[in-house]
Amino acid sequence: MKRLLSIREVPIFGVLVLFFGVAALGNHALFSASGLHDLLFTSSIICLLACAETLIIVMKHIDLSISSTIGFSSYIIGKNASNGHGLLYCLILGVIFGLAVGAVNGFLVAYLKLPSLVVTLGTLYLVRGLFNQVARGDFINSDKVPHLLTYMADHTFVKVPYLFLVALAMAIVVGFVMRHLRSGRDLYAIGSNLPAAHLAGIAVEKRTFWAFTAAGGIAGLGGAILLARFGQAQANSGLGIELSVVSACVVGGVAIAGGIGTIYGAMIGALLLQTIVMALGALGVSQFWQGVVNGALLIAAISLDKILSSRSQRTQIMRVSA
Amino acid sequence: MKGSSRHMQKNKLKAVLATAAIAAVAFVGAPTQAHAAGLKIAIMPKAVNNGYFTAWNQGAQKACKEIKATCTYLGPTEATGPAQVQFINQVIQKKYDVLVISAADQNAIVPSLNKAKAAGIKIVTSDADVATSAASSRVVAVLPAASARIGTAEVDWIAAATGGKGKIAVLSAAATAANQNAWIAAMGPYLTQKYPNMSWVGGTVDKSVFYGNDDPTTSTAQFDAILSQYPDVAGIIAPTTVGVLAAAQEKKAKSATVHVTGLGLPSQMAPYIEDGTVEKVGLWNPIDLGYVAVYAGAAAKAGTFTGKVGSSFKAGAKSYSVVAGGIAYLGDPFTFDKSNIETFKTIY
Amino acid sequence: MQTILEIHGAAKRFGGVHALVDAHLSLNAGEIHALLGENGAGKSTLLKTLAGVHKLDAGTITLFGKDFISAGTRGSLEQGIAVIYQEPNLFPDLTLAENVFIGRQLVHGKTVDWKEMVARSSALFTRLGVPLNPLRLARGLSIADQQIVEIAKALSLDAKVIVMDEPTAALSANETERLFNVARSLRAEGAALVFVSHRLDEVMALCDRVTIMRDGSTVATAPISEVDTDKIVKWMVGRELSDLFPKAPAVIGETILKVENIGRTGQFADISFEVRAGEIVGIAGLVGSGRSEVIRAIFGVDNYETGSITFLGKKMQKNAPSKAMRDGIALVPEDRRQQGLFMPVSIARNSTITLLKSLSRFGLIRKAKENASAAEWAKKLQLKFNSLEDSVDRLSGGNQQKVVLAKWLSTNPKLLIIDEPTRGIDVGTKSEVHRFLSQEAAKGLGILMISSELPEVLGMSDRILVMREGRLVAHFDAKDANPENVIAAASGANA
Amino acid sequence: MMSKLSALRGNIGWDKGVGILLLVTLIVGSLITPDFATTSNLGFVVQDIGEIMIIALPMAFLIIAGEIDLSVGSALSLVSSTIGYSFAHGISFGFAILIGICVGAATGALNGFLVNYLGLQSLAVTIGTMGLFRGLCFVLLGNTPVNQLPDFWTGLGVNNIPHTFLPWSFVLIAPLVFFAWILLHHTKIGRWTFVTGISAEAARFSGIPVKRFKFLMYVATGVMVSLAAIVYTLRFASASPDSAMGYELTTIAAVLFGGVSIAGGFGTMWGVIFSVIELGAIRSVLQLINFSSNALQMVSGALLLFSVAFPKVIELLKSRREARVKKPSPSLASMRSVE
């Protein structure tokens, strides 16, 4: 059966284990069960959104709007729950909202052929402004959060936090689609060589549209996880996490140039970044230096990605007789 | 709408307070018209869509109704100096009489405040003041309590919770928040003198501060960092409503044993006090802060209050005098615990 | 022999260029059919039509008795035709198995059947005698192996017609032999192969029949047994040489460019030659013989490891095109659209991009002077256009080449390096370009010209160098060069 | 290739469109609220857009040349923090400014090196340098911003040029704007910027030193960012590690709204200048009529989407109309050139 990690993820997984080890040496608590629990619990949101973002980056696009989508969806779910609606009803509303934002992105990028950076930058502002306008000063208190969500936030299943399990389940589903379904494989083809994909008869517009819509849907569902995770929802929920999601994907081997990268790699990237934060905290490195380390790590990951791909590209151009 | 019933309850209580205020005024006899009616007052929070400042604005609007002034609640969506400056310019442009403002950045807004002052606008800072070196840019600062008082009170609350022993850490807001740094500086020496077998996790107080940047994500992450860096920490003080809420939620989620206290809105902290996650939190009443600041501004505009040290002004029933630094203090913060959380959680 | 493919009266026009005029080709099952012709004879356009990239303006294509519909490579594949380009266009980030089954992955139920795809593709690879690992990525695969993947893709749809465009250009001797065995085994299984190549020795060794095209039409079709290389060359060249190329004898000045055994691993090795003022030096050779790589090194676009180049007595700095330009070298590159011009930009701006310093005063570009220079050169080159502000992508191939010439000759260089001066240009404009080049040479300009069109090399050059597999293999003066010995040297046939 | 052609047709008129939109905003603004067209309010608008205008100029060059820089906000904050840090440690304010400019140039050089000599993707790598520079701000200043800057300098930041409504920063911004317009549309540098954005390979074959040229463009961006940092520091009379938050996205939105195509090769300086002023003016009008600041955020998002969607829709309609006139062109554009 095919190896779980393609050659691209092995070095990054290695760095993850190495860093976790170093951090644990510095502070034994980290290595304990609760340390592992904290790591999985804290990075559950980024892992979930990494599934959505990987779908997009693999097609050589980018989606900056997921942070506004997940924030607004968490408020929608919280508000409806506090108005007495059932959890399922609220979840469906959140996902529908996410799908709608994704569909707008998808339509503008796939059918109007507009650059995805500009479109999702526009929807990032648009949805955040809409969210502020609707939510204003309103605050969803932790006692209004549906009980199942608070239960999931506080409990684990065989030591693994439920919230991470949700992210893992999403990763498995999206990973399966990208690995085993035609629609998923076509995303790689689109990202790897767009003109050839058109000529090979791949329905590029359809695939692109549904990928953006799905990414929105995942962010919509993520709203429930965000609400559970922080026990509250307000106008600045989810603000600014889009760049850390993109960083997690890039560190996890999902190439910005498209065509390369898996969901598992992106998850590892998310866990790696969170481990770094915890390791620096555990080693007593002041918060101020963490920003520098994160920035430097991302640059190193991109350079590694470039070196990896360019070395294996040096084909023998032509024959020079002896 | 289901929420309205809570609203009804609030009105009932306000009615009670209002009648008390009117009675007091009647009792003292009609005061000289301390301020001309029809003032234009701008109420500017650090950022609009924030629960704490919604309560702050309620107090201000109540005062405006009482002095028959027209008050507009305006401000940026994110709490940065440059964003707030745009709105201060608008206040200057629209020729308001009084500006009641909570400084989003203690330095960045000073030049604009000076311009407003030059334009004849009376400025009162409330909840968050400008840098001490720039005190002249505003008439008076209406603050809850002296920094020392707020700092020492929080140390007393955590000491009560931890039984006067163990290591303590601080989960603050933004690294550059002036009021936070002032309170923390006051906490430092007080803890070591008053509670001999209590100490700071990092040795001194400024090595034990973690910055949550007033957003849930970072505050929660920094709470985890404290636990992982100092597993034996006994108590965490979070002198910010966002920080203490995130700490309580994270403590409950991870069923940690560390005691948590700090400055928290009763309505947000109620569930955690009721289920025992947090023993006690304190806060002043933001409604009062807004209320008193409007009166100060109106009095300054009418010329009956100069803001000099020693001068005083009336706000509703009570009178407030200005101490060193041009500051009027409201008094010690209220504390909320199992006993009184029920009543306060519906007010703010 | 049962006829599989019949092409009759195929015609196709791109703007002013008549790529195909009256081409016809017939293919029988179990046959390797060579399609020969000079560059610009229309071979590639015919292939692209079969590949579903172009649609014919006129003429019919019948495949297995039915009409062929041109609709993308997938459409052609499903109708049974596979076209393999010289540089196959694979998906670098996907595995070989996926490349073979792209767009139509094998499924059982809803999910992709990896095991089946891996098994089927490795079976195809072994059948072709090249045991490639289906799980490796296509990135980094040698050209020869990429071709195997393309052929495997054709076989996976049991395509009966496989067209190969210059497949052996970048292959080593044993890779070529391996490819031939594959071709022979496919022929034995009843497939029809079209083999497009310049290597006459390979054509004679491998093919059953040969069709020769010239100027967009088919001029001859014959079984290989009835022809030899000379006859083929006659058909390919056809035209008398002299009348086409009015090369006035020029006064040869002193040496301006001296290249001393430069080399770059994998591309070319110890190349030495000279170019003198007023002289046109032509470099002949097959596609992939390293000629373009040599001139890119001279101009400084690419680096070179060994040897040195002196220009006008001064040693040239490596890897510095801007310096070479300032010293007086001009390069008209091989690919007009990607390298020579900025397609969406106006004629005026394209032709003055190399003159900006001289057209500016105190750093400001003087528009009047810019338009004047562009207009002057447009007149000199008899450029057909309606306004200088039109973008160059509206011009015909010939006029586009004139703009590139204007762009470089306006810097009045000492040496003009020009790669495929008249590729894809209509015959009329072609002779204008030739006449212009010889006029400039007569004024003392040294020209180093690369061309795959034999008549052009023979007609225009004072001296002819021939390159094969990255080396200089022959050197002729104009008077004692002829098509036969040049082609012989270029294609390595019994020299 | 196709997207560049559509950008050409769509964008030719766009900068004039923004100019007209600005005119409309000014007229409507002064009609609906008396406070808008007063000298003091216009002075505020000019001050508000000062830093964004300075950064938008090099950002326009970068995007037209086919690159981008997300680190300008953090770089501005780093320069401001450096000036504050040096001044707080006894260095004269004038000298501190020079140090700041060098640091700004260094941030540009780092970006330029990573993008051009290491060949990394500019979008991804500048997300990295954004985090790096922001982190360095906190390393420098920690939790103590620097205030009480010398009055002479802060006076420059706050007061207007005597007898006018224009702030002193206008003396720096106006020449920069004029110089940038000349540079882009009337000099060799500008011509090189356009052609590099259309095809870097063809530019290299035209004797343009593409790598070095783009590297110097990033360094120039660093210097311009430091000028913006000086204006910023003087305007707010302080230097703090969390300054200029989100400036990079605001600047990119303004440049794109100005008609510059994200694919590179197209755009006009006038479009960008009008766009920065227009976004400042429309914000001022909306604020003066008490339009909620949430809606303001929505308006800028909508304007950004409109600026790219509108020309494309026009172009699609035009090509559909052309298609009905003559035989529809083959749907799959031919990849390779004619041979």
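The chains carry the letters A, B, C and D, assigned in the order they are written, with residues numbered from 1 in each.
The rule is short, and it goes like this: a residue touches a chain if its C-beta (ideal position, glycine included) is under 8 Å from a C-beta of that chain, and two chains touch if they have at least 3 such contacts.
Note that the structure is a prediction, hence the values are computed from the model and not measured.
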**Asked** Any idea which two chains share the most contacting C-beta pairs?
**Response** A-D
**Message:** By mean C-alpha position, what chain is farthest away from subunit D?
**Reply:** C
**Prompt:** Measuring from the mean C-alpha position of subunit A to the mean C-alpha position of subunit D, what distance in angstrom results?
**Reply:** 29
**Asked** Could you state the distance in Å from the CA-based centre of subunit C to that of subunit D?
**Response** 43
**Prompt:** Taking each chain's centre as its mean C-alpha position, how far apart are subunit B and subunit D in Å?
**Reply:** 38
**Item:** Approximate Å spacing (C-alpha centroids) for the pair subunit B, subunit C
**Value:** 76
**Item:** subunit A residues counted as touching two or more neighbouring chains
**Value:** 132, 136, 195, 198-199, 287-288
**Item:** Contacts with two or more other chains, residues of subunit B listed in rising order
**Value:** 48-49, 77-78, 175, 211
**Prompt:** Which parts of subunit D, given as residue numbers and ranges, touch two or more other chains?
**Reply:** 138, 142, 292-294, 296-297, 332, 335
**Message:** Can you work out from the touch definition every pair of chains that touches here?
**Reply:** A-B, A-C, A-D, B-D, C-D
**Request:** Note which residues of subunit B are touching subunit D in the complex, please.
**Result:** 48-49, 72, 74-78, 80-82, 85-87, 89-90, 92-94, 105-111, 114-115, 131, 133-134, 174-176, 181, 209, 211
**Request:** Could you pull out which subunit C residues touch subunit D in their complex?
**Result:** 14, 17, 19, 39-40, 44-45, 48, 52-55, 72, 89, 301, 320-322, 324-326, 331, 333, 335-345, 349, 353-354, 356-357, 360, 363-365, 391, 393, 397, 407, 423-424
**Prompt:** Once bound in the complex, which stretches of subunit A touch subunit D?
**Reply:** 62, 108, 112-115, 117-119, 121-130, 132-133, 136, 195, 198-199, 243, 246-247, 250, 256-257, 287-296, 298-299, 302-303, 306, 310
**Message:** Under the stated contact criterion, what part of subunit D meets subunit C in this complex?
**Reply:** 1, 4-5, 8, 182, 186-188, 191-192, 194-195, 198-199, 201-202, 204-209, 265, 330, 332, 334-339
**Item:** Footprint of subunit A on subunit D - complex, ascending
**Value:** 3, 6, 114, 118-121, 123-125, 127-136, 138-139, 142, 249, 252-253, 256, 262-263, 292-302, 304-305, 308-309, 312-313, 316, 332, 335
